[in-house]
Structure formats: structure tokens, C-alpha cells
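Chain IDs A, B, C, D, E and F follow the sequence of writing; residue 1 opens each chain.
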Amino acid sequence: MKYIIAIIQPDRLDEVLQKLEEKNIHLVTVTQVMGHGRQKGIAEVYRSHKEGGSLLRKIKLEIGVNEEFVQPAIDAILGGAQSGNIGDGKIFVVDIEKCVRIRTGEIGTAAIG
Amino acid sequence: MSLATVSQWMQQAAEAVPAAPSNQAPAAAAINTGDTAWVLVCSILVLMMSIPGLALFYGGLVRRKNVLSILMQCLAAACVISLFWHAIGYSLAFSPGNGFIGGLDWAFFKGVSLDTPYTNYGATIPHAAFAIFQMHFAVITPAVVAGAFAERMRFPGFVLFILLWTLAVYCPIAHWVWSDTGFMSVLNPEVQGAGKAVYDFAGGAVIEVTCGISGLICALVLGKRKGYPNHMSPPHNLPLAVTGACLLWIGWIGFNAGSALGANGLAVNAVLVTQLATAAAGITWALLDTWVHGKPTVLGLISGVIAGLVAATPTAGYVTPGAGILLGVAASALAWIFVIKLKNRFGYDDTLDVFGVHGIAGIVGTLGAGFFASKLVNPSVVTQTGWAQTINQIKGIAIIAIYAAVVTYVLLKLINRFTKLRASNHEETVGLDVTQHKESAYTIID
Amino acid sequence: MSLATVSQWMQQAAEAVPAAPSNQAPAAAAINTGDTAWVLVCSILVLMMSIPGLALFYGGLVRRKNVLSILMQCLAAACVISLFWHAIGYSLAFSPGNGFIGGLDWAFFKGVSLDTPYTNYGATIPHAAFAIFQMHFAVITPAVVAGAFAERMRFPGFVLFILLWTLAVYCPIAHWVWSDTGFMSVLNPEVQGAGKAVYDFAGGAVIEVTCGISGLICALVLGKRKGYPNHMSPPHNLPLAVTGACLLWIGWIGFNAGSALGANGLAVNAVLVTQLATAAAGITWALLDTWVHGKPTVLGLISGVIAGLVAATPTAGYVTPGAGILLGVAASALAWIFVIKLKNRFGYDDTLDVFGVHGIAGIVGTLGAGFFASKLVNPSVVTQTGWAQTINQIKGIAIIAIYAAVVTYVLLKLINRFTKLRASNHEETVGLDVTQHKESAYTIID
Amino acid sequence: MSLATVSQWMQQAAEAVPAAPSNQAPAAAAINTGDTAWVLVCSILVLMMSIPGLALFYGGLVRRKNVLSILMQCLAAACVISLFWHAIGYSLAFSPGNGFIGGLDWAFFKGVSLDTPYTNYGATIPHAAFAIFQMHFAVITPAVVAGAFAERMRFPGFVLFILLWTLAVYCPIAHWVWSDTGFMSVLNPEVQGAGKAVYDFAGGAVIEVTCGISGLICALVLGKRKGYPNHMSPPHNLPLAVTGACLLWIGWIGFNAGSALGANGLAVNAVLVTQLATAAAGITWALLDTWVHGKPTVLGLISGVIAGLVAATPTAGYVTPGAGILLGVAASALAWIFVIKLKNRFGYDDTLDVFGVHGIAGIVGTLGAGFFASKLVNPSVVTQTGWAQTINQIKGIAIIAIYAAVVTYVLLKLINRFTKLRASNHEETVGLDVTQHKESAYTIID
Amino acid sequence: MKYIIAIIQPDRLDEVLQKLEEKNIHLVTVTQVMGHGRQKGIAEVYRSHKEGGSLLRKIKLEIGVNEEFVQPAIDAILGGAQSGNIGDGKIFVVDIEKCVRIRTGEIGTAAIG
Amino acid sequence: MKYIIAIIQPDRLDEVLQKLEEKNIHLVTVTQVMGHGRQKGIAEVYRSHKEGGSLLRKIKLEIGVNEEFVQPAIDAILGGAQSGNIGDGKIFVVDIEKCVRIRTGEIGTAAIG
């Protein structure tokens, strides 16, 4: 089982979720985060103070999946989030040791989906 | 050119736009300070309806990324239309002219006295107080329309649109119904004498129907938002919207009762009708929501409240409280049916239901103003009531609706040639706040 | 039945509820437009206290998941009680009747003139203007009570409660103290002549004590919120609460000074006393907070402000500014002691301290109105002052408090038989917004 | 000492501060209820400017961790200065005295009648109504200054500062310009007769220039915030700031037009000039932003709006609408140049641009009030206009600016000896809300 | 050392924290997130637009623990968060390589608690 | 590749980001979280209710780095966030299996920076 963490542009959320659905990945946790990166963002202006954009709004997705869904998930995220512009974000994959479905107490690969 | 000359010239320039010579002697005796205070306060209340009232109401209902664009549109209307109204709007709408449009005699409020009345528009208040009161009506009208195309109109196009729309749609229609030379005005002795006037106390037809129809055309011409109707976000900040709705309610009392142009019995009736129609309309919507969804929603209740305020607008100075309550209930119920039940079938995207709420309730109210108009309430103007007058109202609404629809359509097409009205796909998904104004409404890290 | 018949019938129905026949000829001369404008403006200010003032004040103090339920309760009060007041509330409270309750002669504002005064209730303003001003008092009163059971009352029960409570608690008490036939009213010549009247300028006893006691009973009957007092969340949005408190302050000036029923010296005194008592009370709470917690808190300061406004309510038209300041300090200090020091010992859960702030400060103010009542301020009504009058005030408060407590208790028990008042455990943890209204206040993703 | 004695003594104490004996017989005839209603309403509007108007405007612009500190400062000003004004402020500013300062005759509003006018300060309204109207001017002035040192002044120092500043800076300056014995007052017959008066209708110099200069000194003395100018956060809640700006606009109409002290032609002119100057100024800033940044920003537009309101302040009762528009444009453009272009070069940290907006626009407006003053608008007071009067205005501004700068500087240094004004590094990074008031504005988990 | 990530219903937070306390687990990091799952939520209604509930409010807990606390932590979460209804959420366990207490610079199993 | 998760005090964010920059670590994702710990916080007061501070505001940083940057990152975080007071927070390091740059689709150690 793998834990996929993806940082994407906020305006891509709907499309990524849709692409994930298409690959039968329905369970996702979404967080609003700020990204510090090389992207500069649309300069915001507040009176004399121009926001260079050191911290930009991003969306973080977390998806626990069984092995066979890792690549489909990555493809879906790339499909929905890739614009080719700086700031598109990253995908990280981490190993999960254990997964429990709270409702049932089920454990392991059966619990994740 | 010496400095003194320049300065003299500048001073003359400034005075060339005199607020008004105050020496129209004897009539001044008629000015009543209580009435004047009331109308000035009401004009402030009407401004409060636009900013921050309507701005917060609409702003709370859109997504987080578009809230500033709504606030900016309301603020821009307050700025741009105030100047326009002073320059030529008031003159076009209210100065003597032909039945269709006023002249330019009162451009820059020339001859609009600061301390004597223009009897037809308030015999006991300075003419300029009336003109200022009407200024705030002109401000809020295009701001209301903005709800129909919220979240997707580019800002430069918006500014152009409200300016031309006020010129070509609002000023004429206000002239028809409210000026003393308008072709359906109760103040036009010929029209009124012939029993052909349309009764519209504070703008059920002039403002609400006009807004509703124009909003509908805008929604149709601009097209749907991305993802509509299946992937819409809920209102980003309902307490903000509720705050706005409350301020609208508060201000609207001034809107309707100020139209009595004095602190008199008519104003008292207008306050009462407005309050009761609004209360009844709010409850109606809440009950219908409960019936269909199981619970009364806050957004539903305030939507009903707006429908009730709209219904009270044409009627507050013509009908009894009892009739007001009936009309509040009817307007709210019909708006509810339209917004909740019918709208989805038509498939156009009137973002904040300008047609569904203002249009529908405006029609109901305007019809009711004719049907229920009572001599007891408004002895001076009522020559006929009931069906006879209702027919006048229907005619009036029809003419106004058709005119507003056609001219709005033409204006949109015209403006689109100069500056794109519809936000691009990218602008829409990223949000209008950042793309149109380079700002975000809220920070997300403390 | 022909269409014309129907329409005629409908029109008659509408007119059967006439706003008022305006032919009570000569008295009309007494109407003063300045006074009328002032009272109308004040009535708008009082509406602004309920919506959005109180709604935001309470709304900001509860948890994020219950803010809409508070806003909805305030809006519902504005809708439901306005209609009720027009239908029978005003008549029960103010029309001539026996000492305990008014009659039904003024139901649906029948005979409540739009353009002539009812001399006892404002000799220079239309009778209907007074009735409208009082309408907004009736609206805010049950809305204030809602603070005591915030975050745990189901909505249907709430609506039933405020309706019955206004009928059975508020209308009688208002009648006793303010109508010209009430058994403790300064306007009742017999009572006043006998030196048995209770002085309550704008509702320290009628509104604040009644609210405080009723709120306390509600809190006791409904029981504590889950987790109280150890696991409470802080106010979810203090700037919202501050905005509400500021609007309460603004509106309350109209509440107190409007009760002078004219733009006269009494109104000026009321504005002044209100401002100074409020300022002194705000500072008092802030100093006490500083003394005990080391810092002045914003919530503390606005709590003191409310206590000061409450204290000014009965007194603003009876006492000098100096006495107003004393009472503001006293009311704030006692409310502080109660809320910060004593309340936790009693272990009941008065969510937003309706009893602690409104009840306590209302008692202090009402006592002070008797003790400090000054002929210089209010020459017409003062026959006795000092201890003699204070005893009247104590009696009045006691009668009102006992009556309000008993009837509120009975009503709650009664209503609970028809519809559960207390939210279920699940409704409470999930929040009232979603469970009572199917809405969330804020989105959390942009 | 018996209980009765104590009570008598307390009553006397209370009455020793009589609101006013009302037996200055005949003049009472001059009171006009319409004018009185208007001035009372305007005084409420001016209070609304401070709370919640200015509080929200400033509060929305600072960081999330400092919003409560701003709200608290505005509330504290409303409380502290109201009491101070009643105690001695009004007397020092407006009672007869020498050219520099008033006496103490009107301390605690002694002799300030509730129902007769003091003819020089409003011949048709009760003297106390004028004093209350001015109270709210005194409240907002130090609150405006607070914008200059936002996010870094400790609260105890703040309270001390506004108290001493009102005493030593505001009261004298108000006396100079507005009292009937002030050395540059139009109401002082000698000064006015000699053509040496400064025209300042509602406080362009007295309030705006004074605020701007004092703010600048505060910013310099307190030093920059940590991270300024490179690591600044954007405004934490622009919709809050917009709400505040809108309420400022609404209230400011009462501020300027209430200064006519009646519901008369002058008030109507003031409403009109205020609206048009503000609209023009808002548009000006938006256009300049568009020109330089490519887009009109919301914060820019409301900054322009404030600049316009400031420019209208001294002028609204002296100039024509045409001149008002010119001055609105000029004030906005110059403030824009200062804030956007020049400020960064100087490297001081005037947090919310009190000097850049209020100071600059106040100077422009005050100069313009002299230059464009028109006999048509204000027949009673204008003896000279154009350059001659502009020189008076320059002198007046210079004296006021120098006086305000020096005294503010001395006060800051003085206060700093007793209580540290500047927040410590830790207090600043953690935020003033928690460190000064032990509260957080918002929860972050539902 | 393990990193436990749990997604729970918002109204369960208080109880879960309490159960964790009972097991002597005091250190938790809490985030407000949105969950995309099979749960439909209480339908919200906004005029004509009914929220099917594609993204629902959830709470994410993160807890770094030594091995012996993994099972107690899971039990505590199950105890506090299990209602048996769809939407109860998931628990994921991930391996931690290193843990540092910022205050002291301590490293490893001593730092985590 | 490692995934560094750090919980810090909110007022330390600016300094930590700066220290990270100094070590050439530019890519960071920032989340606002609430921490439940042994720190008590500045007591907040709301009328009769004193906030003991069971949940305090914290900032969570997430940084994906190649091995050679792990120690520099930890040092930078310690450098910026350590005040020596309770509540300074924790750093957790987790192993990353895979990293994808969304913009380019690049994979692995090249993608992370």
C-alpha cells in the first residue's frame, strides 16, 4: 500500500478529482496549503506593496492506494494537473505499513479502498 | 498667462458648474426641514444598500476567488454612476423633455436648486435633495444586474456596460414612469388624466423588472460558468451574505419610504407595508423550503426577504398593509417556484437569480400595485384601481421588459467588439479577484 | 363567480385591513415632520440592532458550526414578530384595556392612524409611527433571549417559543409599564397620580429584565451544552461579534433616544446619557479584566458596552449624564462580577450571558432610573424620586421577573410536548447549521 | 450617616452634573425639529464611522494576528474620548476663552442646554446636540491616527496617548478653527472681519491634516515593523476592509453634511460635493493603478475613496460640486503618487498610510476650500476667495502641522517614560491580539 | 517510530483526543481537511443547488509514536471515532526514519514523545 | 529521497523559510495546523471561560529532499525554529519511494528539487 501526496494548483482540483474517478480512485483527502517554490504567481498588489508571491495557494491531495493503483493515480494527477507551467507541483509516494478502516476496523489492502 | 489668470479661470470653471443659484425667492418658504432631513437620511440609506449591502449580499454568495470582483463592481457603480447622474443622467431622466426622454437642461445639476423645491418632485424639499435621492437609485440598479453575470464578466467590460446601460436603458425608463413628462407617468397630467399612468411607487417596474430582464439577457449572452450546473461551490461566506441582506432590508425601508418625499403619512404607510410584505415573504420561502427540503434554509429566508422587499417597492405608497402581505407571499412563492423548480429546466446561468428573484417579484409587485392601489393610502394620485389599472401595469411592464431586453442585448454585443466581456477560461478558473484586480480576498495562513 | 367579483372581493379583503382612515381631521395639525422623521429613523435603527446587529454579535461568539442558526433565529424573529405585532401584538400591548392587558381594537393596526397622533403615545407623530417603532422593540426582545440557549435549541421549537412568548410574556409586560391603561404605567393617570408608576424609559425592565430572567429559565430548562463548562471553544469570529456590538451601540442610541418620540431636548439627553453610560461601562469591564487577567479583552470591553447600553435603557430619559455614568459603571461592574466570578459556581449554561449581562444590568438600570430620576431632565412625568420611587421600581422588577419566569417555564414545558426543544446529541455535535438548516456558513477550500 | 443621607448625597452628586437647565426661555422658539433630527442622525453616522467603520477598514488591512488590537483601539477611543469630551474636552475646544484655548465653563456640559441653541454653533438646534455631534469628531480623530502605528503599539501606551493627544493637540486646534473665539476661526468676528479666517467646513485641517502629521510623527518615533518593507503580509481580510470603507463613506456624508447644522441647502450641497468628490477620487486611484499595475485594485479604489472623502471634508460647505470633483481628483492623484511612488523612498513605516492618504488629501482639500470657496454656496461666511484666502489656508495648515508635530513628538517621548509604547519583538511576532488582549480573532478548526 | 495519519469525522475530534490522552498519547497535530469519499453527507441546499457532498469536512490527525504506542493509538482512534457509519475515515501508518525535537535537538525515540 | 515533516511555532515561519533558502532549499509546502501538546500557550480569556490552550496554532512544513539535503534541512529548521521553549515542535523524516514533477513528468531525484 502506498500513500500518494500531491501538491497541485488550486484551479486544477476539479479536473484531478474527475480523472481520479475515471480510474476508479474515489477516496481522497484534500488540504488547502501554501507552496513556497520557484513559481512567482500572478503578482498581487496592495498599495505600495507588491506581493512577489513567496507563498502561493496550492492544494494538497492525499491518497492511500494499493500498489496496482499507484501508477493510475499518478497518471490521473498528471492528466488533470499538468499545464506545463512552473508551479504545477509535485507527487510524492510513500510506503504505508498499515491501513485501518475506522468504520469496520478492517485492516490492510481491503481497508484502503 | 499669469498665475492669477489661471487661478481665475479654474475658479470660473468650478463655478460654471454651480450647484444652483439660490435666488428663486418665494417658493423657498415651502421647504420643510423635517421632510428634507428624512429624504437626505433615506438617500444615505439607499447608498448603504449598494455599498456595503448589496456588495456583501452578492459577495458572500460567490466563491472565495470572486468575492472582490463583486465588491469592486458595486463600488465602481457607486463611483461611476454618481458622476454620470450628476453630469447628464438626472437631466435625461427627470428634466422636462418629450414623453420618451428628458432634455439636457439640468446637466451638471444646472438649475437644480439647493434650497427651493421643484414642486412635482417633492414640494417641501430642495430640488437637489430629490436629485441626490434618485442618484442612489441609479447607482444600485446596475449593481443589482451584476448578480446575473457574477463570477464571469471582465471588469473593463463591466464598467462600460453599466455606463451605457444607465444611459440607454435606465434613464429612459425612469423618465417614462417617474418624470413629469414621461409617457406613462402619474406626474404627467395628460397621462394621469387619461387614466393611462403606471403606478410604480419606488421602482418595481423601473428598477426591479428592468434589472431582472436585463440580467436575464446578460446571463444568456455571456453563457454559463464552467461546471454549471453540476459542479458549483456553495456560497463561500453565508454570514457575509446575511449581513448584506440585513443591510438591504434596513436600507430598503429608506428606499421605499423615502419615495414619499417627506416624513408624512405616506412614508409611514410605506415603512409598514415594506416591513410586513418582507416578513411575510421571508416566511413564505422558509416554509416552501421546509416543505420540499425538510428544513428552512437561511439562504432561502433571505431570498424570500429580497423578494418581499422587491414586491413592496412598487406598492408601498399605493396599497394597504393587508395587500402588501398578500403580495409579499405571492412574490416570494412565485420567485421560489421559478428559482427552485423551473430555472434548472431552462439551463441558463443567472448566477445570483436576478431574474428569478428581482424580475419575478418585481412583476408581481407591479401588477399588485395596480390591482390593490387604494385611495385611502394615496388619495392624490389614484384615479382608477383594480383590473382597469392592472391592464395599464401589464402594458407598462411589457414595454419596459421588451425595451430593456432589446437594448441590453444590443449593448452587450456592441461592447464585446471593443473589449471582451466574458472572462477567459483561465481567468475564470483562477478567479476574477486575482486576474481582474491582482488581489486575494483572504490570507490563509495567519 | 366572475373574475370581476373575485377581484373585487380580493380588493375588499385587502382594504378590510386598512392602514388607517386618515380623516380624524383637526388633530392632524399637531404632527411635526422633524419629530416624525426622527422616530422613523430611530425605528430603522432599532431594526438594525436585531438584524444584523444582534445577529452578528451572537453569531461571532458561537462556534463555526452554529453561526447560521443564530442568524436564522434573529431573522425569523424579525419576520414572525413583525407580522404578529401588526396582527395582534400591538393591540394587546398598547390599546386601551384593563390594567393587565390591552384589547383587540387595534388588531391589524385598525384605527392606528397614519397621519394623526394618538396623543398619549407621541403627540406630534402619527400613531402608526409609534406602533412601528414599538414593533422593532418587540422583534429584538425574543432575539436577545435566544442568546441564552444558543447552540442547542431546535429551530421549530424556537419559532413556536418566540411567538407564544411574545404573546404571553412580552405583550402583557409592555402593557403594564408603557400603555396608558397599564397598572404600573406613568401614562396611566391613576397610577401615576398615586405615585405608583414604574419609570422605564426605553425598556430596562420591560425588555432587559424580562429577557434576562426568561433567558435564565430557558438555560435551566434546556440544560447545558455538551462539554460545558470544560470543553468550550472560543468565539469563532470575534471581529464579527465586534461588528455586531458596534451596530448594537449605534442602533441603541435610536432605541433610547427614539423613545423621546421627538427630536427634542429629551432625545438629546437620551443620546448623551446613552453614550456616556456606555463608554463608562465599557471602560469598567476592561479595567476589571485587566485587574484580574492582566489584560483588557475585546470581548470584555464589548460586554461592558452592552451592559452600559442596557443600563442606559430605562434611565436615558429620566436621569442626568452624571447619574448615567454612575449607573453605567455599576451595571458593568455587577455584570462582570456575575459573569466572571459567580456564574461558574451556579453551573447553569447561559450561553451568551443573557441573564448575566442583560438581566443584571437591566435591574441596576431600572433601580437607578427610579433613584436618580430628575425633574430637570423629564419635567412632565416625575412626581417622586429617590428611595420612594426606587421602591416602586423594586416592586415592578419583582412582579415582572416572577411573571416572566413562571410563564416562560410553562411555555417551554408546553412547547416541548409538541416539538422537541433541545437538539439531540447528534444534532449538537454536528452543529445546528447543517442539522437545522442544511447549510454551512463557510467553505474551507477556496 | 443615614441611608437617606447617602442617597440624597448621591442624587445631588448626579445632579451636580446637570445636563442643562432648560429655562433659557425665549430663544427656545428657534429650535427646529427637522434640523435637530438631522444633526442627531448625523452624530450617529459619525459614531458609525469610528465603530465599526474605521475599525473594520483598518482591521481588514492588518494581519490576522493584529486585527483585534485595531478593533480594540477604535472601541477604546469611542469610550475614553466620549467621557473626556463630556468632562473637559468640549469646554476646552468650544467654550469662550482666548484665541488659543477655551475655558472650563462648559466642563461636564454645564450650561450646555438640551433645548436651547448656542446661536454661533447652530441657531436652530439644541446646544447639546452640537456638543454631541462634535463629540464624535473628537472620537474618530485619534482613532484615525492609530492607523499609522498599527501592528506595533502596546495598548496601555495607546490609551494614554489618545487621551493626552486629544487634550493637547486636538482640543486646541479645534478651538483655533471652529470656536467663536479661536484665532483663525470664521466664527470669531474679529478674525473673520479682518479676512484672516481659515475655511475648514468639517475638518480638513482640524482633523485630517492633524491626523496625518501626528501619524507621521508616531510612525517615525515608533520605528518600522519587523520585516518592513520586504516581508509584509497582504491584508488578511479585504472584504472586511471594504465593508469598513463603505461604512466610512456612508457615515462621512453625515460628517460633512451634518456640519451644516441643519437640514438646509448647505447640507444638500455638502452631501452632493461629498458624493461627487469621493466618486471622482475613487475612479482616479483606480485609473492610476490600472496605468501602472495593469489592473484596478479594490484596495486602490477604496484608498481613493478615502482620499476623496478627506478632500470633501473641508470643502463640502464652501465649494460647488464642480470644484469638489476637481479636488477629489487632485487629492486622490497626489495621495496615490505619495503612497505608491514616493513613500518607499523615505523608508518610514506609516502602516496604513495615514499621512499618505489623510495628510496629503487633507492638505489638498484645505487649500481647495480656500481657493474655490464660493459665495453662491456659503453666502454667510465668505468674505474673500481665491489666492487671498488660499494664503490664509496655507498659514493655517502650517501652524496646525507644526503644532501637531511638535506636541505629538513630546507626548510620545513623555509617555514612553511611563509605559513602553513599542511592542517588544516577541509581542510583535506573536501578534498584538494574544499579547495585548489574550484573545485570538478567529478559530481555525470548525 | 511510526507516523500515524488518521482521517476522522469533525465531531469526533474531542472524543478521539480524550481517548488518546487516556492511553498517554498527548502529542498530536490536527488539520482541517476535506474528504472525497463514498459518504454522501447531510445534503446541503443552496437555492436551486443541492450539495451532493462531493467534498466533506474531515479532520486529519498526525501522531508520531514509538512502536509500542502504535496499537494503543489505533485503538484510541477507533474507540473515539467509530460510529459504524460511512464516512468514519481511515488510519494509515507510515514508518519514520528520524525524529527530532526542535526545542532540544534530541533525536530518535526519545524525541518523539 | 526523504520527506521531512516539521511542526513549528507560527511566528517562526519566516525565519525558517529564510534559513532554508540559505541552504538552497527552496521548495516547501506550508499548512496551518493545530497542535495538541504539552505546551500551554498564552492563556486566552473569553468572558468566564479561560482557554487552557488544548489546541494551539502551529505551522506544518513539508519538504521533499534528496539524501544530501536532509541534514541541512534539519539544521535550517532547528536554526530558525528553536527558541528553547516548550512548544517548539518536531521534525519527522520519512522515506520517499517515488517523486514526480507534475510540470514535466520527470521522475526521481531530478524531480524533487
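In this section, a contact is a pair of C-beta atoms (placed from the backbone, for glycine too) under 8 Å apart; a residue touches a chain by one contact, two chains touch by 3 or more.
This one's a predicted model, so the numbers in the text were calculated from it and none came from an experiment.
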| item | value |
| --- | --- |
| Contact-graph distance - origin chain D, target chain E | 1 |
| Repeat of interface C-E, chosen from D-E, A-B or B-F - more than half of residue-number contact pairs shared | A-B |
| Pair with more cross-chain C-beta pairs in contact, given A-C and B-E | B-E |
| Centroid distance [mean C-alpha coordinates] between chain D and chain C, Å | 33 |
| Whole-Å gap between the CA centroids of chain A and chain D | 51 |
| Centre distance in Å when chain D and chain F are each reduced to the mean of their C-alpha atoms | 45 |
| Contacts with 2+ other chains: residues of chain D | 32-35, 37, 41, 234-235, 237, 243, 293, 295, 297, 299, 431, 438-440, 444-446 |
| Junction residues of chain E, two or more chains touched | 30-32, 34, 43-46, 55, 57, 94-95 |
| Chain contact topology (line, ring, star, complete or other) | complete |
| Residue ranges of chain A touching chain E (in the complex, touch as defined) | 3, 17, 26-31, 62, 64, 94-103, 105, 111-112 |
| Residues of chain C defined as touching chain E within the complex | 227, 231, 429-431, 434-435, 438-440, 444-445 |
| Chain B-facing residues of chain F, complex | 10, 13, 30, 32, 57, 59 |
| Residues of chain D defined as touching chain A within the complex | 229, 232, 234-235, 289, 293, 295, 297, 299-300, 303, 339-340, 343-344, 353 |
| Touching residues on chain F, where the partner in the complex is chain D | 11, 14, 32, 34, 42-46, 55, 57 |
